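Quick one: this structure, given as structure tokens, is what I'll be asking you about.
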């Protein structure tokens, strides 16, 4: 029974809101890449490396905002390098992605040991974002407990997603980027440069993954440890794939996965194997993928290798 | 001077474009009168598409000038060409799926209000265009479900929305129904009356005479000439387009047709977009016979062959019989096992694997149909023996069987592919463009082999875009036009011009 | 009748350029990084070499690391050679390791038979785990890239959970201490060089690489697998059943990945330890990439990879550098390798040819 109660407790819902941030922040940029037809598994490394640099920036300058700047710059630089390899040097996107992810793991762990002399850095003197006490929200009975006392990054997540939605569907930029993904040649004949828009989408996803990495290392507790992102970059990828790049649908996916993530926190106090709970977010993604592809059963046998 | 500016809306001077060894456009100087429908006709590969690509700046010319309204143009990108009033309607529609009709029209040329799309203003403009030129478009529907004729109208509205004065239409009728074609022609006349100029690219002669004011003929990358419709007739035009020196002469052997090997009844095939590409095909091929299918590219030959070999699924009711047994819808693998061979048109994409060695390419198909001993192995010696046989019999110039096939010339690759299919005791061979893009010596060689192969009792379906090839080799000729097969007579029964006329949709009287 | 030729073919030049440039670039980046950390790059490389080949123990270490590298490299090769993106090697490896661990202590068998049984069981477990994404792709067209990626994480927690259930011990004490009981002595792989960590697992690994080599070189299935990967349309026209090939690829790839996990369990740890792999599965992807999908190449590259793994640990002990720099450099090398030098070269040639032609035409017009 207590499980059920935990499922809708304010603690769980508040954690859901909080944990949605890394997904939503990243999705706000990656949705554009997805719409432009770019599959990018290197997101995980973007997130991991920018998380580390955000911590480093905050550590060096004792400011969470400079940390965030470091994170965003790191993410953008990474996406730039990835773009050069994949768009211009003819490298296979997936192999490049694997290379990036492993570089990310190697680089962050190496720097972690080299700079902080540990494989898990906490209390190194970096400043994290502190929760904001919103005046009116504080007094609303139920919602206040859920939405109040979060850091700016958490509020930024849904906000950026809404902006992304507006940009995607209400501006020329959005129309064009969607056209690029749907029919490259048609876009090209409409004077829309596929290369230019792919690049913008790529850099946007890098910058946004930088923010989401910042959340990982600087939200409320400033810390970084080996493999800290734990596949959240892949979850961003999966959410965007399920949502077909639509920011609102992607936001919904993000919340669902964040909810499962939150349950791992609230259920972990109970008498249940923590591994079962830890699997939940990943299983949720797989389940959603499975359900959204159910309709494809009809076309069985028309397999084309990618 | 002033007069000339009025007269010609577009002029090209000495346009040249080379692709590797091919001269796609060879000093083309074309003049298009304002306010006319100007037809550009020519066979496949005559250089039409390249020329249009250059006009819209999708293809960059090697040299030459484009003069628009008397002014020399120097387009920087396709957008630039569009802004100067050149609009193109592609044969294959440039529409984004899962976009609405409206979004498809405005993309790239959105009216802006601040940073946002000014939907209202865009909408007003689109509606005004629709009203002026009498198009009724479902602007808010997704384009996925709309019929082809509507898609075509969307394309027209799209170029008008972009402010085009010169509209290029690349074979606009190829996917339309007769009613759709009527509608299109009406629209073209309305456009002309309201001051637009249309470049109408086609190879269907009937249509040329129905709508055009002037006709330019391209052949082998060169402009043959520009004619008034009054001064030429269908036959003359066909001659101008196909007339080519015959360099090669095949030596046909007399054949006695045996048992029917392939029987096709009511075969209908749709493509991925649901358009019927093969319409009620009926024919048979007997042992020892070469049946040739002539036709302009894209008339449905590809889909016909794919259906025959199991790569595409025919519509219900179609019947394909092979040696008396129904084989409709069987997989390529089953066809291979039944000893049906296939030489695809796309030599590099389907016919061979450029990343693999010569012997690996040579045994494809054979490895399943005939195979080696033991069955699950590919013993090097046996594979090499087979490959050596192909290489020897077909005079493929190779240094080492382990070399990549990519290191061979096009002619040698084709000899190897053809040789591979000929050396497997196949009873039926589907062969597409066996000699495209290869040197004369290799062509002669392959022709001779093909004739001998048939005379030994195999049935051959030869699909070729080279009319001369079909005429030289075939015992019976079928002409494919717009998805339908038409009778082209026996060997030597009709002249090249007559068949050319059939290919373009004319009637032989 | 082969003649000895000293000129390189176009392909040869390009691959020489590829490996040469990548190596130089990686070494340069590595040297800069080591300098930044206040160490001497040359000394660091010497330490790595010493750690890999400098003593009997060092050689033993290298051989010990070569086992998982060769196995997981072969697993990746089978998938990537046929153009199938099995990024789930890590997960398949965990399942293999866990099942082998169980087979090692639950079953009693005579010495030689027992390790073989463990390997087989682990391989089958990896295979079953690989079937999941394969069927999702075939039946529902769910992209195998994303499913295999996510299943890696599921596999880690799933094997941890199973371990806890199997030992039915108390609740988790912290993830690092989750492990199955020690396996029987009969299940352990025999040490190869006394006093070192090299085991007979190396024979298994070499045998697997050789099997993969023979598969591609002599069998019908191997031939078809290769053709499917290099040109799917060509293979289909030639009568190859692509769906069947797809299943075979996942089965074989998963099986070998499972073997790799088993070999780690019964050859190194002597029990299943949760999270033992630390990205071994991804090493496989890198190895096959560097080896250009050639089985014998995997053999060589695995040895190099293993030497670096063994050497890096030694370097960490003898210098202030940490071993992650080697991981980073290996990944960077893969990134440099994955650049399509052939394309860049051809682009350059085309650009040069066009320029030349335009100049000639201009000259013609002038005359």
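The letters A, B and C name the chains in turn, as written, and every chain counts its residues from 1.
Simple rule for what comes next: contacts are C-beta pairs under 8 Å (C-beta built on N, C-alpha and C of every residue); 3 or more make two chains touch, one makes a residue touch a chain.
Given the structure is predicted, the values throughout are model-derived calculations rather than measurements.
Taken as a graph of touching chains, this assembly is complete, with every chain in contact with every other. Among the chain pairings, A-C comes first (most C-beta pairs in contact).
Rounded to whole angstrom units, the spacing between the C-alpha centres of subunit A and subunit C is 28. Once the centre of each chain is set as its mean CA position, subunit A and subunit B turn out to be 46 Å apart. Separating the centre of subunit B from that of subunit C, both taken as means of CA atoms, is a distance of 45 Å. Residues 16, 18, 62-63, 309, 311, 331-333, 335-337, 342, 344, 346, 349-356, 360, 363-365, 367-369, 371-372, 375-380, 400, 404, 407 of subunit B touch subunit C in their complex. Note for the complex: subunit C touches subunit A at residues 37, 82-85, 87, 136-143, 145-147, 149-154, 157-158, 160-161, 164, 171-172, 228-229, 232, 242-243, 246, 279, 282, 285-286, 289, 321-322, 324-332, 334-335, 338-340, 343-344. Those residues of subunit B lying in contact with subunit A across their complex are 56, 58, 77-79, 82, 88, 90, 93-99, 103-104, 106-110, 112, 115-117. Taken together, the subunit A residues at the contact with subunit B in this complex read 170-172, 175-176, 178-179, 182-183, 185-193. Within the complex formed with subunit B, the subunit C residues making contact are 2, 9, 11, 218-221, 223-224, 226-227, 230-231, 233-241, 354, 357-358, 361-362, 365.
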